[in-house]
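Okay, so subunit A shows up in both of these, paired with subunit B first and subunit C after.
Now for the complex of A and B:
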């Protein structure tokens, strides 16, 4: 099918793959990108929040034609029990700036745009093409790929694996381990359509302003997880995700969890009257720094979700994907420009660029967080949300009970649930993992 | 906060677009006498409810509504109970919004 030889083959047209392909082709490299979906984006799922500065480094004027939904001016963090939420809310007119920092996006549309940009700088994009194998020689060097199209072997100097969290190729070729159930979450989400004016009045927004709600608590039934609600222009993305190891142990069904979240008294009024147009499921890498695999080798690099690059605490994935894709592209371009071969020793440059960037610095900062939240999930996701809700009610209800007794009731409830030592130990552990 | 205990996932999947590769399922459950706890958990945990227990207590799969998330692969590929491949190019779920 393809006799040409490419400088690089990129597998996958998500955030990481598009960033890598664009970066290389815009610097003059001959790039082939393979995508198994009908179009770029048709297999991709995200909340989704897109961070502007990471995209600006790739396409500085993206705001001119990228399909952006709303710029986010308000963030709500909610700790929920079954009937209440305790919230931390931040809204600022400072977020109404010329070049806003965060936008909601709809991935299928956004990825189509990004892919068009890639083609404009010369990337050859082949969709509806599943890569079935990596071509590997006896020394372990990756030489190219085989696809499910006729005569499907294609060669290149380097293969960029941007195959996503469930990437089969790198794991089957033994370049990295498949993800472990405790290191990946399963998230389900729905797209709820409502008129723009309804969304704006429910969330107190005007124009393209957007609001984000992220919630944890009893809604995940003691599992380590998070629920979210993001406002798009004429739709709301609502979803919930938990660690797969927790799902397997509790045998909770993800769609029932989603229904329960949607019917929560704090959420239901926000979605009332909406029309659901899609139900999606996707995995999210949650293993953090300690789950990051080998990132480069002879003739290959791995980027984005496939490399487990996701900051679960700050709920950032696509910006790490874009940045790792860009840095892989820059490293490959530099080697190519210096006429250096794509060996493991040389491709280490990608890892060095990544180590110098926010990506690895952030991943390292929270290296102990996944284990802490996982081993203490019943406390952090069940007990504390319930205790905090009780404490708030004790503080707010006025029924003639002296305040001192109310405070004692609150303290006693915390101690009964976690013990004095348990409370101190939770606080210390959390502080150390956050540090 | 109570919800009708059984949410009908079929109603949710009905919203989605698929191009089913008839006769070429991309996931297979291998023959077994008794499913492992992980395989059995898929009857509840699979977000598209593709897995079901038959009357002999074995787990079967109909991947037509599969959203290709990979949860079953993460839980059961290592033990050899299932085989997981991507659908051929262009087939499978086609997200409109994603």
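Now for the complex of A and C:
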């Protein structure tokens, strides 16, 4: 046991952990951060898109030295069947602003930078140090952590669990249930290296401009999931993810899905000639509002993926992680400044700050969406993309068929596949879940 | 007792790529590690310290980012770290490097006490020359023991050390007087895992950072590119073997010994047997 005490111990050096550690240390708290990886970021996987305003609230001038890849000026949503995609595309020069809103990042590099920032404000960061257990007293109060280093038990007023989606520590200590397979997606990703000029010409970009493609449809073989393609400076991140429960049921393998996606006629030309340098897999909490566990207790709070804070519909995870980390840090700092103990009653402040923020408001807004997309996945991911593709082809092919007949064909195809009632029911349910 | 261990931050050779045009190592974006041989040297030093008392100082020369490897060495349990960093050192070959490191070791001796033992790894995995250790020994007038696989005995009072040195055809047991420079081989001692106390201390430790001037180096012309007579005439990637491996089908059940396998192969490829026999005779 180390004699020295800390105000707070943060477990994990991902977005949530770094945000919490930085927030507390920059306000004068004595913070110890423990990371099992070789360096902060070595274990962290994300697409990755980073939203500026959430980081600005933590490090306002991050643009000066953070390793950012490209700011995103164009977003493409593709609905795919096996041979085509029907797309919606938005591109605006407004995104070429002084302080852009979204960037692609490479987490290994970004997290290293974020960790350096933490150390600069006084966080004691120990890497290659795995927390094996929480120190808990007989009343259930968390007193500190045990690590895999010799003499590695260490105490603090509060422990911030930023341990990631699996949340092994928190579940082992009985603070929450392990995440359920239907609430977690498994995503796989590859980094494809290409010269910057090639990427710029293929995606119609210049300088640091970036483009994002997000795609759903038959590529997930009826499972609830999403594929993506993000442009970095000299690489393209390409990946696909589906719910673990779906993978279990269909016996599909993630890498086969990724191979199929990469060889899709709409995707293959974008990746042609690239060199694959990295393959990674990661779990993503997708359960939404209803899967959020207890977020605080005597001597502990949980933030980020471990708290299942992820907005699957808007594909926002890291900014919810950063914000929850920051708010936990702010709550702990306020309690510390007021000389209040880190009891469950007092740490409720963190939950209140979170409820008041966009994090919980967004999570609540889409509380019914995960269930809807999941139970109805065959329609949303197989039938509709195919029908929409047929409709588009009917509209575009000119072969002398009267237009009225074409429209009827399209309409009949929809009804045959899903019935009038089914179509209306899906539309209504979708509208309600979105509301 | 005072031990100085020289370490080098090198690109992780497992993840390295060679530039297709210039044939040089692409260091950008490649993770760095402590040269693996240096870790064996560090572990040997830490064991001697644990047994005999004293201090271990780690020394590296490199860019400011080399601090990471020093901090890691502190996590393993080293007592002090010195970073020798200056733009004058850029482009050093083994001659210039051993000059700068020898000067820094002399300075370390003045400030923190003269070392009884200086350790280096056998060689670095990015240069593979194995010249810097002996270079330091020569400049510092230290006895040198290279390719050491094991420290057998240290007699501090008597001022001597006995080691096992791996040589062609066997192991030499050598004894010599202190102070000494030792270059360590791989595979003899696994690196320890630092305790929580060491990790905490390392995370907050002040790294002693010296410029060329701080280290007492007066002759800048002996440093960096200007002090490096080594000229790289050509760098090339070895071309892959043009000859393709031959595949022959055999009935595995019929063969149960290596001799049987050879007989079968030579039966199919008599030219190969002839070639090998001839080769054997000329040897």
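Heads up, the rule we're going with is that the second predicted complex is superposed on the first by the 433 of 435 C-alpha atoms of A that agree within 3 Å, B and C clash if a C-alpha of one lies under 4 Å from a C-alpha of the other, contacts with A are read in each partner's own complex, and residues count from 1 in each chain.
Following the convention adopted for this analysis, a residue touches a chain if its C-beta (ideal position, glycine included) is under 8 Å from a C-beta of that chain, and two chains touch if they have at least 3 such contacts.
Note that this is a predicted model, so its numbers are computed, not measured.
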item	value
Room on subunit A for both subunit B and subunit C (clash or fit)	fit
Touched partner set for A:190, first subunit B, second subunit C, both or neither	first
Contacts of A:154 with subunit B and subunit C, given as first, second, both or neither	second
First, second, both or neither for A:37, with subunit B first and subunit C second	first
First (subunit B), second (subunit C), both or neither touched by A:305	neither
Superposition-derived comparison: subunit B or subunit C, residues of subunit A touched	B
Which of subunit B and subunit C A:82 touches, first, second, both or neither	first
Partner chain(s) touched by A:130 [first = subunit B, second = subunit C, both, neither]	first
Touching partner for A:252 - first (subunit B), second (subunit C), both, neither	first
Which superposed partner A:4 touches (first subunit B, second subunit C, both, neither)	second
First (subunit B), second (subunit C), both or neither touched by A:165	first
CA minimum distance (subunit B, subunit C), superposed complexes, angstrom	7
Touching both subunit B and subunit C, residues of subunit A	128-129, 147, 149
In the complex with subunit C, residue positions of subunit A that touch it	2, 4, 124-126, 128-129, 147, 149-154
Residues on subunit A engaged by subunit B in the complex (per definition of touch)	36-38, 41-46, 48, 82-83, 106-109, 111, 127-130, 147-149, 165-166, 168, 178-181, 184, 186, 188, 190-191, 235, 244, 247-248, 251-256, 258-260, 263-265, 276-283
Touching residues on subunit B, where the partner in the complex is subunit A	1, 3-7, 9, 12-13, 15-16, 19, 37-38, 41, 44-45, 47-49, 67-71, 73-75, 77-78, 84-90, 92-98
Touch list for subunit C against partner subunit A, complex	75, 193-197, 199-200, 203-204
